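In the two complexes below, chain A is the common chain; its partner is chain B in one and chain C in the other.
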Partner chain A sequence: MTVLILTSEEDVTADMVVVHLNASGVPVVRLDPADLTGGVALSGEYVHGAFRGHLWASGRLVGMEGLRSVWVRRPGVPASRVPEPSDWLSEESSQALYGMLRGTDARWMNHPDASHRARHKPWQLRLAQRCGLPVPATLITTFPQAAREFAARFPDLVVKPVSGAHPQEPPRAVPTSRVAPDTDFTAVAFGPTLLQRRVAKRADVRLTAVGERLLAARKVTPPDADPDEVDVRFASAATPWTPVEVPPRVAEGVRDYLRQAELAYGAFDFAEDADGTWWFLECNQSGQFGFVEVETGQPIARTIAEWLAGQEPEAGTACGGGTSGALYR
Partner chain B sequence: MTVLILTSEEDVTADMVVVHLNASGVPVVRLDPADLTGGVALSGEYVHGAFRGHLWASGRLVGMEGLRSVWVRRPGVPASRVPEPSDWLSEESSQALYGMLRGTDARWMNHPDASHRARHKPWQLRLAQRCGLPVPATLITTFPQAAREFAARFPDLVVKPVSGAHPQEPPRAVPTSRVAPDTDFTAVAFGPTLLQRRVAKRADVRLTAVGERLLAARKVTPPDADPDEVDVRFASAATPWTPVEVPPRVAEGVRDYLRQAELAYGAFDFAEDADGTWWFLECNQSGQFGFVEVETGQPIARTIAEWLAGQEPEAGTACGGGTSGALYR
Partner chain C sequence: MQPFALNYARPAAELEVTTPYAYDSGLQLNVLLDGRIAASDHALLRELGTTTSTAGSKTHFDD
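Then we have the complex of A and B:
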């Protein structure tokens, strides 16, 4: 039973996981859909009520029925590296590859449908609420008057994109920024705007969830930090990420979130306030974990390898150990 | 409780359904996401663990919690009709609108995730097999040798696109064509190719499924029909569509398909052979139904209106009547 990894050639994070799979003797096929129909080929046959499919990559042929799991890491656009790429060929290749893989019994990290849905931030906020995770008061609006009234109720606000990264090539992350007290909200009418109560944070928390296992890390906000620096991705690296235990109520909410979102992997961002409450900011279904593993020593890559190899304990059993980052200190 | 219809302004098929909803006094809001942020506005607030959202269109404000159903008919690209459209604004608007709607309890026809998945033809073929629907022998491949061997086993073949419509503006349907006996399959290496055993058909069948209700129509193939004319969409209109009863085994397979595909609406195409077997060709989750209704008099628009209004019988109860197209003769 083979693990299929869909990612670009240069992906050191995938390399970290492959090392663990190789060490456990689990067969791995790694390919980039961009290499269809050059270095990668496919074939699938539907005859007499049955399906038999094959993938060919790096000189190896693998049966699709023999796939134990598919890791959708950072795959390129299908068939985008052929001499004459076209939208039509990419679409045909995408449907052929993912259409056949979708029909197999392999486990997905993450399933493309779940990933697609999980990118919707308004949906994330609602799901987090439903799972009992504290969500800072948020408004998404195209009504200037709604924005003004919200700012009157919650005077200390941040603004962030509804959709995440700017869709240019390469994608550019748009930082979360503080809203000045005298802001004129007239321009809200020209595009949906996401306003959120700023959490006066004493730390940022990154919780990496792999199946039922939760690995959390915490980065203390320095006491002299500029309160305008709200986005940890763009903040100075004055303090390190250190492992932290996940409060039981948060663990319960996060597992509920993953189940309902049908995600096998998620990188949760929380802001910890002075009372110790973890406020849900977002869950990135394809969030990086390399920097956390390097700084904290938490075995995220190994945990992913174990999940892909199908060795992780079933939901609801033997999860206690996975809950606690303290195990890995 | 309001029905929300997402479609373009000029959509006579939607008009047909709206007539029935209006006649039953069901409130309807119809909008085109392309009109964000001009004629359409939105706002949603996440405060104290709850969500309150509103849409504004055609001078009316409707609460998102009060939506009974959402019909995703032919919506335009969000915010594409503003004076200066951009990919970024469309993405922000799409995430805001669909992200909020996804968090409501409304029923969808069809849910965007289910629609997206249902477009994958390789996945369709596998699901149809699993639901016990007969599928003509099919090969999807980039291996010329696999194509040659398949053609040797099944000499009478058709070729069709893996993905459906060509992604140009406006989309162009690519017809299914017959494969000449002496075809050279070398070019298969340059793009995934779908080959399928040609069904020597005596009729085409279009089965429109609305929730649990199945309405089938049949178009007899004239005895003197050119066997190269395999695609009914491009064939001459010599014979009309007439209502036909759905064989019980097909009805069971189709309902199973819809359940597993999580679709509330699907337009199934079958080819009926000389033995009367209905061979599954495809299920289009956004297939047109206007032409069938006009030719057969089957009340498809009314059935959709009833589903949207939430008046259709629950799954598993009182379905007998819906099974039979004969009711509507």
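Then we have the complex of A and C:
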């Protein structure tokens, strides 16, 4: 039984998992849907009440009935690297590939439908609330007056993109940024705006969830840190990521979140305040993990490889055990 | 007028880095010039930042 990995060639983070799968003797086929119909080919037939499908990539042929799992890591847009790409061809290729894969019995990390839903940050916030995870007061609005009133109630605010996406024309980054008390909110009318109470954090926490296993790391905010440096991805502080235990109530909430979101993998970001409360910021269903493993030595890649191979982690490992990751098929 | 959030935009950092490894389709791994597997060299990955949360491509904004 083969593990299918959908990602780009330059994804060296995926390599970290492939290394473990190779060491375990688990067959792997790795391909980028962007290479349909060049270096990647597919075929599937529906005859006599049965389905038989095949994928071919770089000299490897695999039957779709022989897939044990599919890891959707960082795949390119299907057929986007052909000599004459088009939206139509990409949609055709996407429907053919993902449509056939959806019909297999393979387990997904993560299923495309669950991934699509899980990318919506407003949905994330509501689900986190329902799962008992503390969420900072948040407003998403196109009403300038609503923004003004919210700022009056919560004077220390940050703003961040609703989608998490960064504009490309021209390429710009929109980090989570502090909003000054005397800010003019008129421009809120020109696009949905996400305002959130700033958590005076003493640390950032990245919790990587793989099936039932939770691996958390903590990055301390230096006492002399610039309070305007809100976004840890863009902060200048050189403090390291270090492993941290997951509080039981957070673990319970995260597992509930994953179950309801039907995710096998999630990278949760929390801000830890002075009282030690972990405030939920977001859950990236395909969040990076390599930088955490490189700094902390936590076995995230190995845990992903074990999940993909169907070797469930032992109950009680890391920060608590639980039921089988096979829930998330 | 531009949306409120774009008042806080900054020029995108240059994410293109020259990586000292190349993809080997036979191994299905990125390999260094000396034949070693790039993913096994954690010091190199840390230096390059290719596994960090800002290393995503334009099509993947999940960090």
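The rule is simple: the second predicted complex is superposed on the first by the 306 of 329 C-alpha atoms of A that agree within 3 Å, B and C clash if a C-alpha of one lies under 4 Å from a C-alpha of the other, contacts with A are read in each partner's own complex, and residues count from 1 in each chain.
In this text, a residue touches a chain if its C-beta (ideal position, glycine included) is under 8 Å from a C-beta of that chain, and two chains touch if they have at least 3 such contacts.
What you see is a predicted model; the values in this text were computed from it and never measured.
In the superposition on chain A, A:I140 makes contact with chain B only, not with chain C. Once chain A of one complex is fitted onto chain A of the other, the partner contacts of A:S58 are limited to chain C, with no touch recorded for chain B.
With both structures placed on the common chain, the touch criterion links A:P33 to neither chain B nor chain C.
Touch criterion met: A:P161 reaches chain B and chain C at once.
When both complexes are overlaid on chain A, the residue A:S8 reaches chain C alone and has no touch with chain B.
When the shared chain is aligned, chain B and chain C each come close enough to touch A:R119. In the superposed model, A:F190 lies in contact with both chain B and chain C. Residues common to the contacts of chain A with chain B and with chain C across the two structures: 119, 161-163, 166-167, 190-192, 194. Of all residues in chain B, only 36-37, 41-51, 56, 79, 82, 87-89, 91-100, 102-103, 113, 116-117, 119-127, 129, 135, 137-143, 146, 150, 161-163, 166-167, 189-192, 194 touch chain A in the complex they form. The residues of chain C lying in touch with chain A in their complex are 1-13, 19, 21, 23, 25-26, 28-30, 37-40, 42, 45-46, 49-63. Those residues of chain A whose C-beta lies close enough to touch chain C in the complex are 5, 8-10, 12-13, 15-16, 18-19, 28-30, 39, 58-59, 74, 76-77, 119, 147, 159-168, 170-175, 177, 185-188, 190-194, 233-234, 267, 284-291, 293-295.
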